[in-house]
Amino acid sequence: MNAEPLFQAEISLEIPFHDLDPAGYVWHGHYAKYLELARCELLKQFNYNYDAMTQSGYMWPVVDLQLRFVRPLRFGDRVKVRASLVEWEYRLRIEYLISSAATGERLTKASTVQVAVSAASGEMCLRSPDILFERLGVPA
Amino acid sequence: MNAEPLFQAEISLEIPFHDLDPAGYVWHGHYAKYLELARCELLKQFNYNYDAMTQSGYMWPVVDLQLRFVRPLRFGDRVKVRASLVEWEYRLRIEYLISSAATGERLTKASTVQVAVSAASGEMCLRSPDILFERLGVPA
Amino acid sequence: MNAEPLFQAEISLEIPFHDLDPAGYVWHGHYAKYLELARCELLKQFNYNYDAMTQSGYMWPVVDLQLRFVRPLRFGDRVKVRASLVEWEYRLRIEYLISSAATGERLTKASTVQVAVSAASGEMCLRSPDILFERLGVPA
Amino acid sequence: MNAEPLFQAEISLEIPFHDLDPAGYVWHGHYAKYLELARCELLKQFNYNYDAMTQSGYMWPVVDLQLRFVRPLRFGDRVKVRASLVEWEYRLRIEYLISSAATGERLTKASTVQVAVSAASGEMCLRSPDILFERLGVPA
């Protein structure tokens, strides 16, 4: 793993009613959407969002998702979701922190791993393709 | 509109926890999924489910959705969803009835309208394409 | 129906990846979320959002939902969702317009109807309760 | 961790259209629903499904979710989801395996952790409450 995140992005969001469960908290499965919103913002930073991925001839499916729920989220809560790119050579590993916009309290920690799959062959790439390094601006 | 449904399908389902809102009822937006499950069962009956649509060179986007919620649905409720094909010449119009599996009580009424769009041209068809009539086994 | 909307609200949103279907368009069932975001903004304007509803002793379930899809929505599209309160005496009827933020083109039209249900008795109110008129600032 | 699962449950499901992403695969966030369907079936086996949890005075929020996606899921795929209860003394730890109904191929591995929270005090229980052991039929 690389020591420092190469790129970082942060989004703000307000918890919507339709994500709540009968206890009045966000149902745990909905968090994957929040992570994705921050991930897309991160990918935009190096011009490699989903549209660009497709155009580059690669899909980047999520192959691993981990979520640790520290504090529940309620209707109307304002939170920040920060996404940090921490690995890229062999796979894209992104770490996430959801925190209270008001107090900064840490509410959720998460990570995703994505690997490159060639759209043409359907084969998984053992190493990230050159296009990623170009976009990141780092040597391959 | 045609008088009698040409095809009809019915599915059974049990209301899952993740569709519930803070009041303990199914959030209204989730019903579109229930309709789709019944619609896919209906489309299977004449071999024209989504995969077959794509292969035939047409997309059939939903252009109209109407839902009337008569009684709420709760966790674990067992319901039947009946889908009836009532129009097909110019558009696919399907009517839905969600009812209690236990009592038969009518819980939700709905309808969807889909129109054919040529995948090649992106143009909406003013009339359903021949492939639909073939599959339905009715004269075009 | 009342001639002019009593209150109106508008939100902006960017279409997220997780709402897309295999054709690359927003799956029709997801629109109910976009309407709700605008509806909540509208309800905030007269201090009667979902939390306030609950505190007032009433639930306001959606009993009718109608959606007409004029143009599809794609990944990253920026849209505006306008919600207009057009009926309130016997039920809350809200009309929605989703339009392109860039061009103003009308993409989706929709409406919802909500009725008051007493949380205590579970009974549907034949007329909107006094609290609604207070919040709206109109004579009951 | 306990060596053998105390309870095990398996459900069958067919991948619905509305869970697909633009690549034609199930979007990763939707898997949480599949796990929940199997988990609810597991909880039913010892009469401690979500309704029973609430009645017992405890909530059991998911505090950890891990998913490893081995093979993608496509429209109409028939899969089995097996849920195994592997820890219960201090927390409910459930492991999941999603496999192809046709070939038995392993498609997804996952786990969830839930802890008991007293509905009255809002406090997290450091140890699973007696009611759980009663339902499981094991000494506390």
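Worth a mention:
Order of writing sets the labels: A, B, C and D. Residues in every chain begin at 1.
Note that a residue touches a chain if its C-beta (ideal position, glycine included) is under 8 Å from a C-beta of that chain, and two chains touch if they have at least 3 such contacts.
As the structure is a prediction and not an experimental result, all values here were calculated from the model.
At the far end from chain A, in terms of centres built from Cα atoms, lies B.
Because chain C and chain D carry the same sequence, their contact can be compared by residue number, and over half of the numbers here are used by both.
Between chain C and chain D, the centres computed from C-alpha atoms are 34 Å apart. Between the CA-based centres of chain A and chain C the separation comes to 30 Å, rounded to the whole angstrom. Separating the centre of chain B from that of chain C, both taken as means of CA atoms, is a distance of 24 Å.
Multi-chain contact residues of chain A (touching two or more other chains): 17-18, 22-23, 29, 32-33, 36, 50, 75.
Per the touch definition, chain D reaches chain C in the complex via residues 17-18, 20-24, 27, 29, 75. Those residues of chain D whose C-beta lies close enough to touch chain B in the complex are 16-18, 32-33, 36-37, 40, 49-51, 75-76. Interface of chain D with chain A (complex): residues 22-23, 25, 28-30, 32-33, 36, 50, 59, 61-70, 72.
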